[in-house]
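Below is one structure, written out as structure tokens; the observations come after it.
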Amino acid sequence: MIRFTKVSKYFGKEPVVTDIDLHIDKGELAYITGPSGAGKTTLLKLIYMAERPEKGEISVSKWDLRKIRQRRIPYLRRDIGIVFQDFKLLFNKTVFENIALAQKIRGVKPDSLRENVDRILTDVGLAHKSGSFPEHLSGGEQQKIAIARAMVSKPLILLADEPTGNLDHASAKTILSLFKEFNARGTTILIATHNSALFTDTGRKVIYLKDGKIEKETTG
Amino acid sequence: MRNVMYSLETACSNTWRDKWMNLLSAFLICSGLAIFGSFLILSFNMESAVRKWFNDFSIVIYLNKGISSDEEEALKNFFIQDSDVLSLRYISKEEALLELKDMLGAGSRVLESVEENPLPSSFEIKMKREILIPALLRQKTALFSKVPGVNEIQFGEEWLESLIRTSMILKSLLLITGTALASTVIFISYGTIRILFYRRMDEIETLKLLGATRRFIRMPFLMEGMIIGTAGGALCSLSLFASYRLVSLRLMELMPSLKAFLVTMPEGIFFYGPAAGAVLSFIGSYFAVGKIKY
Amino acid sequence: MRNVMYSLETACSNTWRDKWMNLLSAFLICSGLAIFGSFLILSFNMESAVRKWFNDFSIVIYLNKGISSDEEEALKNFFIQDSDVLSLRYISKEEALLELKDMLGAGSRVLESVEENPLPSSFEIKMKREILIPALLRQKTALFSKVPGVNEIQFGEEWLESLIRTSMILKSLLLITGTALASTVIFISYGTIRILFYRRMDEIETLKLLGATRRFIRMPFLMEGMIIGTAGGALCSLSLFASYRLVSLRLMELMPSLKAFLVTMPEGIFFYGPAAGAVLSFIGSYFAVGKIKY
Amino acid sequence: MIRFTKVSKYFGKEPVVTDIDLHIDKGELAYITGPSGAGKTTLLKLIYMAERPEKGEISVSKWDLRKIRQRRIPYLRRDIGIVFQDFKLLFNKTVFENIALAQKIRGVKPDSLRENVDRILTDVGLAHKSGSFPEHLSGGEQQKIAIARAMVSKPLILLADEPTGNLDHASAKTILSLFKEFNARGTTILIATHNSALFTDTGRKVIYLKDGKIEKETTG
């Protein structure tokens, strides 16, 4: 589903990720971990083309990212749900509108849109905040909304960047079980996190990144 | 279709959410348009004045002294059939004397010592607008003056020249300031919308990351721009209409003779104002949103 | 003192960082000022024209027919000593006849049959500006006409009245459009800076949370506003100066007689433009930043 | 140093924190914990007056927050260093300028300013990012800058809201030891976090918040 072949990305002259070979199968749930600044976010950005590699090849689902045309990029991104590390919620839209946006972009019909949004809000436990603006939410609540937005359209691939950084233990568990449920239904999931508690004893693939290189790949 | 609906919805809710900002922009655009509009009104009025002066321009054909009224009638028919002649007025010797006395006013005592009316009868002829150019007119009068019975032909060559010069100056002034002002207005709209747009950069970035197409991103902005522009334009029409009525009424009170020159405000302004606002803002927004790159 | 330095530093670096946006605002402010400036130039020129027409206004005092040159001299001295008289020109009978013939042009054949010069000699008198009001002038001429040797006094009462009316209309037009334009300009500056300010809301919120005083927050904005305003004003002065020179040269080419009316652009514009820009932007920024509440 | 007496805060009709009695001594280092949406951030906001309570009294250092005049609030805030949950870095300023701002606000002289900023950047291990803009930093790096900004002026009180949410284990330890060093020099510190690993076995006061009420107060 996601394949990196000898991928390197530089910012200026400094390499941020170097020589990455990576393979995530369809239906897999994998973790990327590593210290702050290791390049986890950058690696995810390469997948949804927010950054482009200087070297190497990346393919995502049916897309070959070297050959994809500018105007097709939105369609690549619609195959992917992304939980951004900094949430990227729109502060002038309500919680409902923020999540609905992901549906509108995909041209979902108004009635199924409303249904989907309400369901996912219930799933993350924030149905009662539907009409609030993000700035009136707690940090953890914002994070849950970001997660809901990434999942509402049932994407092929789900990328989650530090999805539990602002969540307490119980909330984190809820979110993880949501992820697993999605995964069971076929969504390929890649989670970047520094929180080793998330992946220990899960039996899932864990990729250790350090200074932009893959240090090791184990099973958590 | 659904996308258009979503865009319109987004545009409306964005417009409403940032209502104060948008009102500000609408006012700015309104100011720009109003300036341009006042200029247009001014230039229409000036043009109407110039046209009227041209309409009033006439040449005078003095007839021979001893001419009979039959001959006069024949000449009249001859002139009036000329394709360049618009209208013709016959002025008898007596009328001419009265007019001269009128003109001289207190100085008319010069005429007291004159026993016999020394003035000839004449035709005052208005010519078509096309021929009102010194060179052409001179040719024409040279022709006319060879007609038997015609003594002399007079026309205010200097007046005509200065009239033509004035109209040329007006035209070039209108052209220069017109272009300058029009670009200023477009620029004000553009700048306003561009500034508004900067606020939304983050939003656009996020939309791009969420998989929105260019159209999806651009449409609400263009619609919002058009909403603002239309509002600004309508506001402008309204205020121009009101203030023009006020000013022109006040001016006519002070100077009733202006009535002949002042053009009335076309009702169409209530269409053109909003339309201009919408089009300008659309163009402005289009460039403001710019090229969306992924 | 250190705070002022920090503010200035911040203002400069903010101005530089948002240079394109700020350039845009400077251009907008420049547009606003330029519109106002063109209006001022136009109104100066119109006023200069009106003043010149007033200066050319004169009354004519016709003397009795049989008057001797000694008496004429005495009268001349009498009039010239009047405190309301500005200057005086003596016109002899002969000169008067020549002028009349000149004026009548081709129509002067009326005078051919006149043997003896029927015209009186006269004084053409220019009066002080204060007295150039129909009512006052009528009083004055009534007085003058009682002086022995004076036959009749003539002045273009209608001309004077229409001159006064024109100048009144000009004045009220200037006042109306002037206020309208000035507020538009202030509004354009205000709106521009207000919009710019919206972008910085988050920044201001953060500054407040970090313990910045009102002064600390406000100063850089005001300074940035003034920098933008000064730049816009300078730009405006420059472009006005250049385009006025161009337009007035072109106009004078077309109509050399304009030379007498066209005022030259005061050099001061290079001071007033930036100053106006700075002040307006300061006011605009001040209100744009608004009340900072903790 | 910080004292809450029967403090309640409502948003609209909903109570967010209710009936809080709290006392943090000068020189103490205490933790507030609790699930997402418990009211931790709101409690901190009450201290630096970003929110005002509907009921109760709060005093902070020499300030009685009920009686403080508007124009004195900046001076209260200068006694406090705050690590915001969402960082609140200025994205149009470099890392150096962001941190320098906290010093400029306090009117620090240019040369000591430069010295202080450089020192704290070294302390958090980001001296090499001094000239970068925040958007070019990783999530963890941004968090460290936010922490550095709060500490650079050596405030009387340090409030840290979820300061390790984006940090790996090693970075979190570095930051915590920085906090402890500061605390040893006399700074009163209050840390809001859902990460129980931070306070277990520290022997510090831990306040458990739930649904806006203090559930218990223990020693970690």
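To keep things simple, chains are lettered A, B, C and D as they appear, and every chain counts its residues starting from 1.
Note that a residue touches a chain if its C-beta (ideal position, glycine included) is under 8 Å from a C-beta of that chain, and two chains touch if they have at least 3 such contacts.
Keep in mind that this is a model prediction, so the values were computed, not measured.
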| item | value |
| --- | --- |
| Each chain counted as touching subunit A and subunit C at once | B, D |
| Chain centre separation in whole Å, for subunit D relative to subunit A (CA means) | 29 |
| Distance from subunit C to subunit B - Cα centre to Cα centre, in angstrom | 24 |
| Between subunit B and subunit A, distance of the C-alpha-averaged centres to the nearest whole Å | 62 |
| Arrangement of touching chains [line / ring / star / complete / other] | ring |
| Chains that touch, pairwise | A-B, A-D, B-C, C-D |
| Complex contact set, residues of subunit A against subunit D | 11, 34-37, 40-41, 85-86, 136, 138-141, 143-144, 161-162, 165-171, 194, 196 |
| Of all residues in subunit B, those that touch subunit C in their complex | 21, 24-25, 27-28, 31, 34-35, 38, 62, 100, 105-107, 109-114, 116, 118-119, 152, 154, 162, 165-166, 168-169, 172-173, 176-177, 180-181, 184, 187-188, 191-192, 194-196, 198-199, 243, 247, 250-251, 254-255 |
| Parts of subunit A lying in touch with subunit B, wherever the complex brings them together | 48-50, 70-71, 73-78, 80, 82, 84, 88, 90, 92, 97, 101-102, 104-107, 109-110, 149 |
| Contact footprint of subunit A on subunit B as seen in their complex | 2-3, 6, 10, 13-14, 17-18, 203, 205-214, 216, 293-294 |
